[in-house]
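One chain, subunit A, appears in both complexes that follow, with subunit B as partner in the first and subunit C in the second.
And now, the complex of A and B:
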C-alpha cells in the first residue's frame, strides 16, 4: 500500500524541482510507473477479506478495482492536459499537475481507508483540488457557478453523514470497516433511526448523483478542463457508489423499507436523464447526462442489496469510468480544434479524422453497452437483479437501455457522419498523444472482457 | 407551375413584376430593398471570412450562438404557467409516487406469499 502511496506523494516535490523542458514527460512516466505498479493490488485471492493491510489502510475486492482505476487515470489526465496547459507559465503548469496529484493521493487514501472517518475526511478533501481545477482552469465564465453548485451540493449532502458517523461511533464504539460488518447494531424503527439511515446514504446519493440531486453534475463536467472532467466522471462519482456499498452493510434492516423512494428516483432518473440527453446541443453536456443515467442504474443496483446487484454495480462503475473518461477525451479533441462544444459545428469528422472516428465508434459502442464489453455485463447483472427484486422495473430499465442506445448513436452520428461544414478548413491532424490517450482508455476495457474476475468484487 | 423559375439574368415585363403586380407601395419597395441590402451585407461578411486565406478558425454564427444559449439556459426564463406546472408534475412528481406505489405493493404481495409459503420460485436451482 505504501509502495504506491509514498511514490505518489513524492511526485509532488518532483513536479516542482524538475526542469521545465522535462516536466510533462517526467510526470507522465512517473505516474505511469505508479499505475503499473498499482496492478499488484489485483493479485489477491478474491473473497478472502482485506489484503495489503496496514494500520489505517487496506484493500479488498471492492476497493481494488477502483484503486487501480484511480492510479491508471493519473497518467491519462497528464497526457490529456498537455496541450491546453502548454500555453501557460511554467509554475501554473506545475500547480496544475500538483492539484491532479493531490487529488490522486486523497483518492487512494479514500478508497483504501478502513476507518470510516478517514474515508469521510478524504471524501471531503477531494472536493478542494477539484474545485480549484474547475474554477481556475475552466474555459467559460459559468465555471464559477459550476464550482459553487459542485461544492455546496456535495457539502450539504455530506454534513449529515458526519453527524451520522459520529453517532455511530458513539453507539458502536468503533468505525473500523474491518469490524463494523460484524458488529450487530440493534435497530429499532424509531423515526430518529430512519433519519440516521437517510443521513448515511444522502451524501453518497448526491455524489453519485441520484436523479433529484444531479444538478451539479452537468455544470461541473462541462465547465471543468479535460483532466477535471476525466477525474470527475471516472472516479469521483464512483466514490459515492463505493461509499454507499460500504455503508449499506451496516444499515441493514432499515434498507428494506426506506430504499423505495430512492430506487424510484434512480430508475425514473435513468429515463429522464436519457431523454434530456437526446435534446442536448453541447457535446460535453450530453456525456455528463449520460453519466447521470448510468450512475442511476448503479444506484438502483446498490440500493436493492442483492449480491448480483452489487456486483453489477461495481462492474458498471469501472466500465463506465473508463468509457466516460474516453468520451470526454474525444470531446476534448474536438474542442481543442474548434474551440466550441456545439455538436452542430463539428460534424462529418469521419472524413477528416478517420482514426479518431474509429475511437469515437468504439467509445460510443461501449457507452451503449455493447456485448461483450464489461459495460453490458454490469448493466445486465443490475437489470436482472432488479427484475428479480420486482418485475415491474424491467419496463423502466428496458426503456432506459433503449434511450441509452439512442443517444449514444445520436452522439456518434452527429459528430462523425454527415456533411462536413463548409467553413471548417483547418483541423489539426490527430496527434499521437491523443490516439495513445484513447487507446489507453479502451485497452483496459477490452482486456477486462477476458478476465472479469478482477472487477466483480465478491461474486463467488 | 410550382417548379417554374425565372432565368436568372432575365428582366420581367412590367405586368409580371411582383411589385407592380401586387400593387406594392413605394415604402414597401424601399423596405424590401433595405432588407435586401442588409442581407447582402451579411452575405458579404460571411464571404469575406470564408475566403480569408489567413483564417484558421471557425466562422462564428451569431444565430447559432443565440440558439445554443437559449437551449442551455431555459431556467432563467422559466415561468410557472398552468401548462409548465402540469408538465412538471406529470413528468417529475407523479411518476415517482406511481413507482413507489407499484414497487411497494408488488414487494408486499411477494412478502405475504413468502410468509404464507405459497411463493413459486420459478428459477430455483436448488430443489
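And now, the complex of A and C:
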C-alpha cells in the first residue's frame, strides 16, 4: 500500500524540481510507473478479506478496481492536459500537475481507508483540488458558478454524513470498516434512526449523482478543463458509489423500506437525463448528462442490496469511468481544433480524421453498452437484479437502455458523419499523444472483457 | 394637451382595468432611433400592453428595492458589463443588415435551441456611417447575372412575408413600407441590345419584367421626356423600395429574441495560428486559423479576446481593412497571400429634392442610361436623386460630407432633361453613404477565404447588398451549418474568381 502512496507523494517535489523541458515527460513516466505498479493490488489470494493491510489502509475486492482505476488515470490526465497547459507559464503548469497529484493522493487514501472518518475527511479533501482546477483553469465565466454549485451541493450533502458518522462512533465505539460489518446494530426502529439512515446515504447520493441532486454535474463537467472532466467523470462520481456500498452494510434492515424513493428517483433519472441528452447541443454537456444516466443505474443497483446488484454496480462504475473519460478526451480533441464545443459546427469529421473516428466509434459503442464489453455486463446484472426486486422496473430500465443507445448513436453520427463544413477541412491531424491517450483508455476496457473476475467484487 | 390627457386617465379609471384605452403618440421616423424596443411601424402603439408594462414596472420595483436596502453595489471584480462574452461559436463582425441577416438565419437554421452561440460585433450603435441605413432602399430584379436575379427574387419573397419570418410574439408587427412601384431602366440606342439580352435572362430566371418602347413609356408615364430613349425595361412585380432601417431593426429584434448577443465594440486584432504547407507545385502556403477576436470597447482601453470557432466578415465598406488585420493582401505580390480583399468604401451622394409639380404616385425608380436615378420619397412631392460618379471623379472617403456642387453639375442637368418638371425643384437635404465597392467586379464575395480557414465573407455588394441581404444571410448560414449551398447556388460568388482573376461583371450597376 505504501509502495504506491509514498511514490505518489514524492511526485510532488519532483514536479517542482524537474527542469522545465522535462516536466511533462517525467511526470508522465513517473505516474505511468506508479500506475503499472498499482496493478499488483489486483493479485489477491482471497476473495473476501482485506489485503495489503496497514494500520489505517487496506484494500479488498471492492476498493481494488477503483484504486487501480485512480492510479491509471493520473498519467492519462497528464497526457491530456499537455497541449492546453503548454501555453501557460512554467510555474502554473507545475501547479496544475501538483493539483492533479494531490487529488490522486487523496483518492488513494479515500479508497483504501479502513476508518470511516478517514474516508470522510478524504472524501471532502478531494473537493478542494477539484474546485481549484475548475475555477482557475476552466474556460468561461460560468466556471465560478459551476465551482460554487459543485462545492456547495457536495458539502451540504455531506454535513449530515459527518453527524451520522460521529453518532455511530458514539454508539458502536469504532468506525473501522474491518470490524463494523460484524457488529450488528439492532433496534433501528425509531424515526431518528430513519433520519440517520438518510443522513448516511445523502452525501453519496449527491455525489453519484442521484437524479434530483444532479444539477452540479453538467455545470462542473462542462466548465472544467479536460483533466478536471476526466477525473470527475471517472473517479469522483465513483467515490459516491463506493461510499454508499461501504456504508449500506451497516444500515440493514432499514434499507428495505427507506430506499424506495431513491430507487424511484434513480430509475426515473435514467430516462430523464437520457432524454435531455437527445436535445443537447454542447458536446461536453451531452457526455455529462450521459454520466448522470449511467450513474442512476449504478445507484439503483447499490440501493437494492443484492449480490448481483452490487457486482453490476461495481462493474458499471469501472467501465463507465473509462468510457466517459475516453469520450471527454475525444471531445477535447475536437475542442482544441475548432475552439467550439457545439456539435453543429464540427460535423463530418470522419472525412478529416479517420483514426479519431474509429476511436469515437468504439467509445460510443461502449457508451451504449455493446456486448461483450463490461459496460453491458454491469448493466445487465443491475437490470436483472432490479427485475427480481420488482418486475415493473424493467419498463424503466428498458426504455432507458433504448434512449442510451439513441443518444450515443446520435452523438457519433452528429460528430463523425454528415456534411463537412468548409471551415474544418484544414484541421491539424491527430497527434500521437491523442491516439495514445484514447488507446490507453480503451485498452483496459477491452482487456477486462477477458478477465471480469478482477472487477466483480465479492460475487461468488 | 395635458387636460386632454387627464381626461383620458379619468376615463380609463372609470371604465375599469380591462377596458382598452386609446393613446396616441408621435414618433419621429428614420434615423435617430437608439432604442430598438420601440415599434417598427411608424405609427404609435394603439393599445396598452399589460405584459410589457408589467415587466417594466417589476424591474423598476426591483431597482427601487435594491436602492433602498443598505449596502453598496461595489464589487471587487470591476468588470465592464458591456464586454462581450469570453467565448462564442460564431462572431459576426459588422452589425449592418448583412450581419444581422446572417445572425437571424443562423439561429433559424439551428435545429435545437441554443445550438450555436452567435455574437454580432458592431462598433457604432448609432449607425452613423453604416451603408445600410444610408441606402436608397431599392430592390430590383433587373440584373444581368442570373444569381443576382435569384437573390433579389428570394429576398423580395422574404420581405413580402416578413411578419411570418421576423415577427416576434407580443411585439408590434414589422411594417417595411415596401412600395411596389417597380424600376424603370431607360436605354439609349447603343446599349439597347444589352438590355434585350438582360431581359431574356431576367425572364428566364423568373423575374416579371417587361420591355417598353418609347411611345409606351410616354403613354404610361407622360411626365418622361423620351428623347434618345430607344428601349425601356419596367419591373412589374417585386420591385420598388422599402425602409432599410426597419429591415435592419426587424432582423436585429428577431435575432436577439432568438438568443444572439449584441456587442458594441470594435475589432482591432485577431489571434490566429499559422500552418505552413507546401502545395503540389512547391509553393509555400500559410493557412491561418483564427482563434481569438480582440474586441475593443469604445471610449476606453478595455478589450476582450473572444474565443471563437468561426468569424464572419460582414463589415461592409470596411471589410478590406478588417481583412488586412489578418494579413490578407500583405504577402508577396505574385502569391495568393498577396491578393487583398478588393473591397473599399466609395462615397455616394443622395439628394432629397422637393418638386411640387413632379411625377405622381406611380413613379417608378427611374434609372436613366446616363446613370442618374431618382425615386419618389413619401407623399409630399419629395424625391431622392443621385448618380454614381465616374471612376476618375470618385470623391474622397475620409468623411461623409456632401458635395452640393456635384448635384448642380452632374445630377440636375440630366434629371431635368429626362423629367422636364424637375427644372423647378429645391434641394431640401442631402446625405452621403458608402458603397462597399468591390473594385474587382462590383459583385458580392460570399464564402470562405482560401488562406484563412474559418473566416467567411459576405461583403463587396457594391450598392445592391441591402436588397440581397435576406437571401445572402440564408446562403451564408447554409454554408456554415450545412457545409454547402442548399437553396441558391452562389458558388460563383466565391473567392475563386478573385484568385483566378476572372471577373463576373454585372452590367446593371447603378
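One rule holds for everything that comes next: the second predicted complex is superposed on the first by the 457 of 460 C-alpha atoms of A that agree within 3 Å, B and C clash if a C-alpha of one lies under 4 Å from a C-alpha of the other, contacts with A are read in each partner's own complex, and residues count from 1 in each chain.
Please note the rule applied: contacts are C-beta pairs under 8 Å (C-beta built on N, C-alpha and C of every residue); 3 or more make two chains touch, one makes a residue touch a chain.
Model, not experiment: these values are computed from the prediction.
Once the two complexes are overlaid through subunit A, subunit B and subunit C clash, as defined at the top of the document.
When the shared chain is aligned, subunit C comes close enough to touch A:419, but subunit B does not.
Touch criterion met: A:281 reaches subunit B and subunit C at once.
Contacts of A:340 after superposition on the shared chain: both subunit B and subunit C are touched.
Touch criterion met: A:272 reaches subunit B, while subunit C stays clear of it.
Contact with neither subunit B nor subunit C is seen for A:3 once the two complexes are overlaid on the shared chain. Judged by the touch definition given at the top, the superposed model places A:392 against subunit B, while subunit C stays out of reach. By the touch criterion defined above, A:92 lies against neither subunit B nor subunit C after alignment on the C-alpha atoms of chain A.
Contacts of A:260 after superposition: subunit B is touched, whereas subunit C is not reached. Across the options 204-212, 222-230, 402-410 or 474-482, subunit C meets subunit B in a clash only at 204-212, per the superposition defined above. Subunit A residues in contact with subunit B (one complex) as well as with subunit C (other complex) are 279-281, 338-340, 342, 344-345, 422-426. Subunit B meets subunit A in the complex at residues 49-50, 55-59, 64, 67-68, 71-72, 91-92, 95-96, 99-100, 102-104, 106-107, 110. The residues of subunit A lying in touch with subunit B in their complex are 260-261, 263-265, 267-268, 272, 279-282, 285, 338-340, 342, 344-345, 389-393, 396, 422-426.
Contact residues on subunit A toward subunit C in their complex (touch as defined above): 139-141, 279-281, 338-340, 342, 344-348, 418-426, 428. Contact residues on subunit C toward subunit A in their complex (touch as defined above): 85-87, 89-90, 110-117, 275, 287, 289, 291, 307-310, 447-448, 453-454, 456, 479-484.
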